[in-house]
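Chain IDs A, B and C follow the sequence of writing; residue 1 opens each chain.
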């Protein structure tokens, strides 16, 4: 069904976050998830087959249209003034939170050896992390975790997709 | 040149406003506007030829990727206000109620500077707030507070789990 | 100057220490504390002399290093044949943990980053030919978004006093909500029932304040049949 593919293509294009097959099926109404999934596979191979500048990728539990990675230099020229990317303190803090979540601020500071107040605030504003709750200890400290947007930004399907943490084994050397 | 088309496709996709052939040629550097224009025509006919859900249209003196007009009903479903969704005004009103409860409508309006009747109705329907009672002053104004459902939605055990502004400011310091 | 300082390149005292270890090609499990302490203090002095804003954390680690150094100088006492722990152990553990995450950060940075390596569509409404109101689903809203929304709301109100959210006020609201819940279920209750067997003073005070507030709001009525007698509460009609 050619039109099904066209509709899904348009939905992927218009969505501002990754879409799940279930959500697409829900929008389509009389269409089951299996049909959506096979149409998605078709679309994916169409795009890569015709060497499109747009790629269809699995990310953050859904599917999203993105520009092809090797074309980044051109897109960056288009978007010139906005320098993207994260600062070193933000990356380090994010790494600690991603691998150790849920985690308290004091714990992050113990690991990084520096105050992380400003960095946390910035990460919250970028929606990369979120407040998960409060720990049930005196003072009820706030605990942090990563957000779904974190997965989207780092192109991860889920947290198990994180690069493995090379914990240096003390016994080793 | 297949890659030229891919680059232009990616640029059209990533641009936040219609692009002119001149701008695209400028980004590409060693490419003249004529070549860009003919590539654009190619891309246009590629998209319409394969009945893509995405159309390449001339608009506002430039060229833009858009969803195909006849697919609008589906896109509208994707973008429809979500049953469990909150608009920015609703979120702000909810926040004022959460932090200032029990609070009268007039007080919320004084803080927000706008009429909040409709928003309050929506929040009551979503069971995020409730009527706590009526204040004993002329007109017996209704007083609002949050509901148990509010705590559930935000994953709070009780209201004292709400971060104080001071805590959030400390993150900044 | 003996030490070339680029403070910006260090992410903190642990990072500086890792740098010194790397520079001296030292085994992280066997740090020559005297040498490292000397170099570390050299950096600190240089930073000070450059009037660089030295974060307190650098000084804390300096004192830790000096402390370890002095402990290393003491002859090790082997009591009851038990081996004394190496004074450096704690620091080594901390350094290794930090190093692990520093490397993890590097690996994160090597992933395909959105808005750096790949891009999603940036244009919004105009592509649908009609505007849509953006709404967030409840799952997308977290506590931070709520706090941020409150901040925006009171910022536009333009007065400062509203900026304070104190814990007392929130606790009072909490108590008020609990009492309203109870009254909606049972229509009447008593003060001692509300307190229950929990006797902490703060709870008693907030309960009392909440009742006063609710009386003022005419949400409940309070009766007392005798002085110092049980306070009976019922939902106002």
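Keep this in mind: a residue touches a chain if its C-beta (ideal position, glycine included) is under 8 Å from a C-beta of that chain, and two chains touch if they have at least 3 such contacts.
Remember, predicted model here, so these are calculated numbers, not experimental data.
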> Between A-C and B-C, which chain pair is linked by more C-beta pairs in contact?
Replying inline: B-C
>> Measuring from CA centroids, which chain ends up nearest the centre of the complete protein set?
In response: A
> Centre to centre, by mean C-alpha position, how many angstrom separate chain A and chain B?
Replying inline: 18
>> Distance between chain A and chain C based on Cα centroids, please, to the nearest Å.
In response: 23
> When the C-alpha atoms of chain B and chain C are each averaged to a single point, how far apart are the two points in Å?
Replying inline: 29
>> Residues touching two or more other chains, restricted to chain B: which are they?
In response: 10, 13-15, 65, 67, 75, 79, 155-156, 160, 163, 168
> Of all residues in chain C, which are in touch with two or more distinct other chains?
Replying inline: 119-121, 124, 127-128, 142-144
>> Per the contact definition, I'd like the list of chain C residues that touch chain A in the complex.
In response: 11-15, 27, 29, 55, 57, 61, 93-94, 96-109, 111-121, 124, 127-128, 142-144, 148
>> Applying the document's contact rule, which stretches of chain B touch chain A when the two form their complex?
In response: 2-3, 5-11, 13-15, 27-28, 46, 50-54, 65, 67-68, 71, 74-75, 77-79, 155-157, 160-161, 163, 167-168, 170-173
> What does chain C use to touch chain B in their complex?
Replying inline: 119-124, 126-130, 132-138, 141-147, 149-154, 156-157, 162-167, 170-171, 173-174, 176-177, 180-181, 213-214, 216-219, 236
>> Touching residues of chain B toward chain C in the complex: what are they?
In response: 10, 13-17, 59, 64-67, 69, 72, 75-76, 79, 81-82, 84-88, 91-96, 98-99, 101-102, 110-113, 130, 132-136, 140, 143, 145-146, 148, 153-156, 158-160, 162-166, 168
